[in-house]
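You will see two complexes here that share chain A, one where it goes with chain B and one where it goes with chain C.
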Partner chain A sequence: MIFRRVGAGIVVTAAAMVAVAVGAPLVVDEFQLLQLTVFASMCILALSLGVVWGYGGILCFGQSAFFGLGAYTYAVTAVNVGESTLAIALSLVVPAVFAALLGYFMFYGRLSDVYLGVITLSVTLIFFNLTNSTAGDAYRIGRARLNGFNGMPSLPTFNVPGTPGRLLDPTETFYLVMALLLIVYVGLHALLASHFGRVVVAVRENETRCELLGYDVRRHKMLIFTLGGAIAGLAGSLFANWGAFVSPNVFSLTTTSQIIIWVIVGGLGTLVGPIIGCVVMQYLATELGTQQLANTSLIFGIIFLVFVLLVPRGIVPSVGLLRARLSTARARPAAQARHGA
Partner chain B sequence: MDLAVVLALEILNGIASLVLISVGLAIVFGMMRVINLAHGEFLMLGGYAAIVATNHGVNIWIAMLVVSPIVVGIIGVVAERLIIRVLYGRMIDTLLATWGLSLFFIGLVTTIFGNTVAGIGAPLGSIAVGRYSISLYRLLLVGIAAAILLAIYAVLRTTRLGLLARGTMENPNMAAALGVSPPRVYAATFGVGAAITGLAGGLLAPISGVLPTVGAAYVAKAFITVISGGTAIMAGTASAALLFGTVNQLLTYLTTPVIGEAGLLAAAILLLRVLPHGITGKLFRGSL
Partner chain C sequence: MTDPILQAIGLSIRFGGVEAVRDVNLCLAERELRCLIGPNGAGKSTLFKLLTGQLQPTSGRILFHGEDITGDHTHAIARRGIGIKTQVPNLFDGLTVREHLWLAARRTNARARADAITDEILERVGLGPEAGTVVGRLSHGLRQWVELGTVLAGNPELILLDEPAAGMTHEEVARTAELIREINRTHALIVVEHDMQFVRMIARTVTVMHQGAVLVEDTMDRILKNSAVRDIYLGKHGGA
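Presenting the complex of A and B:
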């Protein structure tokens, strides 16, 4: 049923991901492989907002709250247990539960657009402030010291499930992250092709009509928001594993704005868009950071403005639109010629 | 007793600084339904304008009260002409575009002044209340915050400009039919909002110092105060600042500044859950 609706774009994207996953470790050096690993982790984060905002129509300024919560959950659990499997699982569950509670609070209170933005932003800032202030010996969860603004260094990294001593090497971690990205990407498409996904998109298009047709708008919004929280949490655990480090910066406004820029640049209402936006912008940020030519904020600000003002749909939908226009332009002279004859 | 006076003044200070950082945003949101996320950077630019002017030998009062509002007012008008104008009626797009503008200003100022704290000493001395001493400058800020609110009220209520502004806010099409040009009113409003923001930035510079990224600390608080206040400029800002300033300072006194800050944000979340359109969406309806 679902497979009949699979478009060519999805197959091409999935194939490209598999190609990168298999090919990259053969051609690039270890440093570049680590770069690719963090890019792929962030792509999962971009997908989480891509589905919540692009398909659910919920502009969440707090995606970094779930990301950070996932990262900290992983850090605290991994330090306490000394084994990563449970930590990864919890890094999905904790943000999801929190997102469900917050979603219940917001959507069942019938809050919308800007007010939703204020609440999600406030929540993120609360986390940022609180984690920043947890310096000192008093703030510890089990054996894990939170260390306030200094962050938690030398976290245990991923290991083979069940054998804490056998850590994954960079190549294996890369395979794992790419596999997770592929699963999230294909899984989200499958979900959006299902009945549930179609109702979510319908709610984005016209809330009142959906309600009149008998769908529970609040429940659908809450569920897609919860799913977004879980995916962002997963990205958080991957990020914490990548650097073996987590600091309150995961909750910062900078992180939030980055996620939003990725989705805007790539294209709202697509899933491949946020992935492309994320890779392009991260590559740009890395290049700008190493070359010191111009301030990164300055360039990002200009890109942000240009996209909102001139390319509001983002790269992927604009390319699609351009192609459609070109093909109609090509079809028109042919049609005219027929009329003339 | 002394402690009670000091605590009361601290609370007043908290309220006044919330009013100062959010009133410019409130004008723009109340009149035009535009959320300016570059608001924090307008405050930051006001601060830099005051500091640069003072360092070049301008009297500190002139720098704070004249140079800052003029500089930021001009920046505001230019931003309105180039960016905001294109996006009227598209709240989310404006919000995103001004976020881009905010990043742009942070990058620009970092490139020019470097990523270091700049500051000027607070003028005026301090007075003693029993065993405590209180900065006179902070007291003056309370007065200025009240004066700004009263001035806005007076302009909107009694002058012809205020009437035009209120009319355009109420019904832009009708105002246009009667010969008022809404785009010009919007541009002027945005400029005035930016100028007041610049003034606030200049006034706060001696207290908090300025850093290219200082705007982020302001914008969230201002954004939250304005949205929680609702669309009435005066009543909304004043009531939300009163509530949040009190919560913040009391919790800060009882626990730590961090808990105070978190308390402010939590209060905003609860408030919006109960009153989804802000305080003035439900109470004091029809006030300014």
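Presenting the complex of A and C:
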């Protein structure tokens, strides 16, 4: 029953994405279209943690490490090659390889969850400090100067594969990002429905039982962690392309905590949840940025606390729960609500 | 006599000053049904953990089909064909009953075959009506069946059952005993159990453990008459 409902949910979500992709360029102005493009890019980032944490049960505090690595890989490659195709491909490969290495040491070393959080967070902060201290002529990769905390400006943006002179305009970029978001979303659902994906979820539920059934827990965790790294890296290249700019901020504590907030607000253990959480929080961030009354980070902190304390499941699972409850048990609503909290 | 499926040779494990399993030698023939009894703390569950690689022995060796599996990873041992139902059921609380059996069956079978095995086992252990239920919501007795079904769906050659009848009603115990005899036609089993009535229903050869070591190994009848066994174990349950 649950599976069938989720199946319908996937179709609805995918249809909504197609509708936005097709409809938005017709009704919104260019500035808003650029906003939507960065929202969609961040949704891909949210999905990467949504699958690693929500389905793999791996609390990665440093998902921004892979995001930033993807962004910097894109920047360095695009500057050197002058063409975006290879840069985009490498922005998936480099973070994936790095995630596989990091995952190998963490999962094959049998580190517990707490250490996992500490290590992943440390890794992203190391990248943050590292990139911050690369100011000056000495720090260059090929023709690309890293520029330390000033970041790398005027990056080559996406072009039609094979023709460096033919750049994508904002509408085309929007189509591309929406298409990638759709592919990642549907692809992840397909993966989770596969044998591998079902074992990943089983590992989250009970590692011992998985091993007793003959599944290599370490391998499954490493693979899903690697995939999450690749997807975050892709989001990084989209982000770097969006502003034609990348700076150490992609590795910052703010970036990494934002990803966690998106997933918590939207709903852990779903894929549409992180997307909704990401869009809602980014919209809020944009709106809050236009006023001076209260600090945006402060409000985000409050929202985070409210969700952790009052809506720990996040928006999507809570709405689903509420609907199920309304339809099945109208009696004793008070007792039910208490139970659910 | 056929070649043994499982051999434990001088198996010991020490936790600090406590030797939980002490120099245990065990030899199990193909399709043998062995009952393992002994008071609490005798080392039965620890022995199971050693056999499945969840714990590494301090000394001694474990042979499966004559091959040394000592020190192998838990999942590698499971892949060789040893399945276990643990004392406290190890289940995926957020997943359905069907998903449990399917995951076990799917490791060695193609998708369609795994689906068929899942249906077959659901029927066999009588969990059909609960197939779609999330396991975290089931009673202890039903959870025992889910874990038993999960082990069966994986179709391991050797099945270890740690207190399969715990928390079950009389009828369920009888059904479990029947199921174990049925499984035994094609599989080797080691069953740890406290319920002596249950042991009598299924037992041929019984191994008695006491303070980490094997005290005696014999037929059920002789075990019941053994005064040493009575002193350490059956004495307290003489009426059972």
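Heads up, the rule we're going with is that the second predicted complex is superposed on the first by the 323 of 341 C-alpha atoms of A that agree within 3 Å, B and C clash if a C-alpha of one lies under 4 Å from a C-alpha of the other, contacts with A are read in each partner's own complex, and residues count from 1 in each chain.
Heads up, the rule we're going with is that a residue touches a chain if its C-beta (ideal position, glycine included) is under 8 Å from a C-beta of that chain, and two chains touch if they have at least 3 such contacts.
None of these values were measured; they are calculated from a predicted model.
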item	value
Joint occupancy of chain A by chain B and chain C, clash or fit	fit
Partner chain(s) touched by A:257 [first = chain B, second = chain C, both, neither]	first
Arrangement angle, chain B at one end, chain C at the other, chain A at the vertex (C-alpha, nearest 10°)	80
More chain A residues in contact [chain B versus chain C]	B
Which superposed partner A:113 touches (first chain B, second chain C, both, neither)	first
Partner chain in contact with A:322 - chain B first, chain C second, else both or neither	neither
Contacts of A:18 with chain B and chain C, given as first, second, both or neither	neither
Touching partner for A:130 - first (chain B), second (chain C), both, neither	first
Touching partner for A:121 - first (chain B), second (chain C), both, neither	first
First, second, both or neither for A:183, with chain B first and chain C second	neither
Shortest span in Å between Cα atoms of chain B and of chain C, once chain A is used as the common reference	13
Where chain A meets both chain C and chain B, residue numbers	none
List of chain C residues in touch with chain A within their complex	52, 54, 73-75, 78-79, 83-84, 86, 90-95, 99, 102-104, 106-108, 111, 132, 150, 154
Complex interface listing, chain B residues touching chain A	35, 83, 86-87, 91-93, 95-97, 99-108, 110-111, 216, 220, 223-224, 227-228, 256, 258, 261-262, 265-266, 268-269, 272-273, 276-277
Touching residues on chain A, where the partner in the complex is chain B	59, 105-106, 109-111, 113-115, 117-119, 121-123, 125-126, 129-130, 132-133, 253, 257, 260, 264, 294-305, 307-309, 312
In the complex with chain C, residue positions of chain A that touch it	1, 195, 198-199, 201-202, 205-206, 208-217
